[in-house]
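Chain naming follows the written order as A, B, C, D, E, F, G and H, and within any one chain the residues start at number 1.
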């Protein structure tokens, strides 16, 4: 288990991370962590490692792209001084190219995405004890689908940056692909993006595996 | 793993089971299973055993005692023809004795509790492929606390019935006690009854362990 | 133009037809026809053929399958005594097989679909001056997609019944396919089922072409 | 067809244009263009010319007069840099003279109307590839009605400015007059101003005819 | 003054009478009489004739035609045993012919209107100390307007029945015509039917004049 | 009739004047004048003197004392440039002394009341064509009641100022006393302050008598 | 102290008793006893006599007269089998005579009041261990006020019945009169009926004195 | 009785004090003092000492710690110039250490608590005629419970400061302990912090005893 006692673990991202979290704080009692994978990670850490006292903070905001993250990075990440940081961004960067193709200023293309993400990761990593990069994903099993292809491309960018910078890496698309072998995408997400409870559990489990979580330790 | 392909797994209980589930159905998309341990069990089963296609149904109703379960048993359990059935009841049977002590007709004392639960289990088990009995619990670490003592007594009744009838048995109090060694009860439940996300994960995990769930199988 | 002066044109179907229509009546002022293709058909008929005085009625209900139509056919179709009838059903019959695969009783398989639809059409056609069958559709451009394949199969059933019974036939999937050559599905429908305004206009236009509507007559 | 690939088409006006559009943006998914003629124009363009990728923006605001347009022109028109611009204004300029006759400062009389509109058109036209002027209208068939007469006068001003400046011109009153031969005004608008779906389709169709739209091209 | 001490005065009609009255009672404190002419009549009677103790009851219901009055006559008029009765009905009987011309079953044509109204008046008058018939009206100053002409025809029917049966008669259209000489209809009613406060005062004043009310008596 | 064509008549006061008027404007369509005596005055003026075109504005605000009026006098009275002004203030100045006797800073005693009101009247009268002073009132028939006695004292102050400055004067308490001879106060106002519709009509009628209104002129 | 261990004490009455109590039960946690004197009695009993375990039930319903109590007596009193019963009724019986004087059927005059109340008391007393009769009251200090005089008359009826039947008697008017010597009625109740917190405390204290409550016992 | 005529008594604290009081004022009619012990103290003072005219002000704010009090002390205490001041703070200072143990910056440890409270008391006492210090409390009867022990420690700090500074002192925990001998904590507070009506009465009574209140004086 890579997390240590009393560390602060901060998640940043888009609506998949947000999931109705409390704002502006993003931590506390009464469902402040939202209803998604962040809440599941916190619940599993506390249920299985109660003695560690990990402090989880959720700073996801619906609709965000990497461009939005950059704009709020100082306040929502640096000022929080997290020990561990997890970033999952890119879905909206790609999606807007496909659902509102004529509004070009809403698109974040691969170049800008890569450059911005790399800059954020590079500058932040020295201040953390661990940084986890999670790929964006698209719950479409046809790999030739245009948006799936673009999303895979952005996932590759995340992988590349993780390798360059020595971050932990979570391939969420790969984790979902296991389910898509058995289940039609609409079971997990009506719009192929916002996961069901099972989908969020896939994300939580993929994250936890990467940080060395042991389900059976107690 | 004790559950088999395409089986239906029905949970019945009180508010801890209910957790804002859809009514009257208790299954379907969009959070129909509620926000509690039932939803977590379903999510973990689908995330880790996607090929099994387990159908989970939530029939919890807030405020219920075993007396209420008896009254709706035919419609909410027998007519549903579940392959697997999980029962967690008793918290309100005990709680009303402590929070509204003067309204005696709201109390379900141990004799009635035991008799009613045994009857429901005995009559239903032959129609199922598996029946899981979960104890009620109270998130109070002081074992001398009066309500905790009564709750433990009801938990013992559940254990006895499970042994008599050959049901699977989940000692939820024991599972919570592990956390209570490390955490003050208010972290897990402000009113010592309705669990946080972590508390529901404790319940889900205790249930899953009993049915042979393997976190690391894929 | 096949419709004649003062005729009543009734649409029946699921949520794509419903679109927040007034209930129970389904006609009148102030958006009683809903916000979808039914409203567009009515608006175009009144704008271009104001002298005809066509009376349009919307009897769509969200979530309906052909099984639901059968149950309300007497009240919502026969008792209304429409001169013209348009039926578009089948999306939910198929969708439930893909989004809630484990709840079998919610599925309407092809045999039941065909038999039920044929019976309704055969028995009703003699009482109408015209009957239009519109196929269900799925806004997925990959023809190998499983749900798209099933939907195409149901569309074929509609075509067959139309040919057998001499009904007018509207191939909505074909109409949408024209758009899908140029646009990614998410532009027209986030969940690949509920169309945008443009998607509803595609449906209205396909319907109107089949009944001989002339955009430029005045 | 006068519009070309990837052009931006912006509509500005009053409540007839607004129709519950999203604010402040006025474009995007989920009904952001409102429920009126702007939405219909967009839907018909996308349904019939999907390959053009026209970007439609709605900047109508309820209750506006030409005086209000002037005040927000820089932000809502110039800064948007539209390729095509459509203006329909004047109904409230006239209406306030008739429904609140004693509150003189709410009235925009013909001189101010003409001068302001001409100035906006003259200064903006050089920056656009096309500018469409739509007349205000009043759904009253009696041409001797006082408010109808004033509205016709304002419509003549629009026509004059269109001719002077070489703008495309849409005579909405003339388009409605075709319907008013067959239908009593209350069918199209209870208050003789805010059109029904059919009324908005009349507006959309009149606009589309002027820009060379072909209903039957595909 | 024709009303005498402690008499009950009941008003029945459509939305012009209703005006958000309390239901089902239609009398009592806190605005139970609604916001329209019934409330004004009551207020003026109590302010100027406080010693009379007239009891006013409002039984108007929005959307009603004379056909609806017939259906609720026993309960809402006869069972109330009013000393005085005032009837104003017919606006919707006419309006539906003009705003929803294709839904014929919503129309109440002149023959049915006359026959029904005469029957209600004839049968009820013997049980009252006074019966007032108020014409329907339409706030359109052009007498050649089709709906105005029809409304005038219905007003003539009311006049005829009043004369035949010896009822008091209030020509509301004539009262409004005085205002329409000076004011455009939109000042008094945006939809030419539902009056402003001033319009309701016109109705109250016309009614009060007919029953001998003296503004200056105290 | 003292008001002349096209004049603006502004009412200022407390909750009795306010009565849910539109804010901040206090004039316009759709009940902008509120539901109280201001609305009745406007309705009667328009119904009986439609050719005058009087513009009525309501600037009452609930809870106001004369101290509050002073603070908003420039904006709500002077900037409005009314031809006629009507002031009714003082109820709260007195009431707070009786319902919250211990919160002294909420009380406006007679000296401050007189001085402030005189200053406002004296400075404003030269700018108006007519100024009407209405007394505050208390719907208690026992003249020995303490609050009634204080209210009468404030009414005397208003009378004195009216006489000194040559303002029109409306003794609202005297007008209500006529009713209180016949009716128990609870009929007109449950809290003895906020009048029923009949009570507001008493106020409107007393005001109108003072300005020479003729009910029977047309 | 007249109440003994584990007894049930039921209050019945009108809005002064009701005070937003839970319905239909009228007991339990979370403010089920409402916000008025019943809640205060319960709170004081539990705070000062915690060992007694008195069970308090609130069956007040707003607007009730003694006629209404009669209609629900079997269900709301007899079926509840209270040990102690407290009745406070009559305010609405009197009030309706003064606030809606023309709606005679809403009035309950003294004869009916006395006869009904005596019958209820006589028939019920044998089934209780104690029955407390509380007078109605009116927070008007002028004893010559008409409504106060009538209320005093009803209070005398209650006193007479209490004496005849040997019930405990609480003169609430007398208790309030002590306050009215010092405080203007509006301090305690804006409408002279519904008491402030202090007014409810007066009621609670008067009741408690009658049953032998000792503030200083612990 | 220590309070004298016309004195102002101000309560400051956390949610137990706040109880939905009006904001920002914290005094006035209509429940402005909230629903808790402050309202009960006021009600009992006014009911039993009506001639004193004590002015009660509630400045409690939910969630506050002593650190929050310090920040608003000038505005909410000093500027109010109370004659008497009552402070009850510390519950949240302790609770956050137990319900959100990982968010350290939300905790106010004993040192800071003592230092801050002493400073506020010392500086303020000279400006008041009386200052009452109430301990925080925890409705847990097990004195070995960790949070109860900490709360007792904070209560000791309050006692010490009271002794040092000569303030009146109310041991709320001791007052509650009397009840906890007879009643399980859940009867008085589901979360062991927010009291029921009975719990608030315990607080009010303990406060009143300390200031010399005599229940039986009238």
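Simple rule for what comes next: a residue touches a chain if its C-beta (ideal position, glycine included) is under 8 Å from a C-beta of that chain, and two chains touch if they have at least 3 such contacts.
Owing to the predicted nature of the structure, the values given are computational and were not obtained by experimental measurement.
Novice: On the document's contact criterion, could you list the chains that touch subunit E and likewise touch subunit H?
Specialist: Looking at subunit H and subunit E together, the chains touching each of them are F, G.
Novice: More contacting C-beta pairs: B-G or A-C?
Specialist: Comparing A-C with B-G, the pair joined by more C-beta contacts is A-C.
Novice: Measuring centre to centre with CA averages, how many angstrom lie between subunit C and subunit H?
Specialist: From the centre of subunit C to the centre of subunit H is 67 Å.
Novice: Taking each chain's centre as the mean position of its Cα atoms, how many Å separate subunit B from subunit E?
Specialist: Here the centre of subunit E sits 64 Å away from the centre of subunit B.
Novice: Express in whole angstrom the distance between the two chain centres, defined as the mean CA positions of subunit E and subunit G.
Specialist: Computed value for the inter-centroid distance: 45 Å.
Novice: Going by the touch rule set out above, which residues of subunit F reach two or more other chains?
Specialist: Within subunit F, the residues that touch at least two other chains are 29, 53, 99-101, 183, 187, 190.
Novice: Touching pairs of chains, all of them, please.
Specialist: A-B, A-C, A-D, A-H, B-C, B-G, B-H, C-D, C-E, D-E, D-F, E-F, E-G, F-G, F-H, G-H
Novice: Where on subunit B is subunit A touching in the complex?
Specialist: 29, 31, 33, 35, 39-40, 42-44, 46-48, 50-51, 53, 178-179, 181-183, 187, 190, 196-202, 205, 215-216, 218
Novice: Spell out the residues on subunit A that touch subunit D in their complex, using ranges where they run on.
Specialist: Per the touch definition, subunit A meets subunit D at residues 99-103.
Novice: Over in the complex, which subunit E residues touch subunit D? Could you list them?
Specialist: 95, 98-101, 142, 144-147, 183-184, 186-187, 190-191
Novice: Tell me, which parts of subunit G touch subunit B in their complex?
Specialist: Subunit G reaches subunit B through residues 6, 27-29, 53-55.
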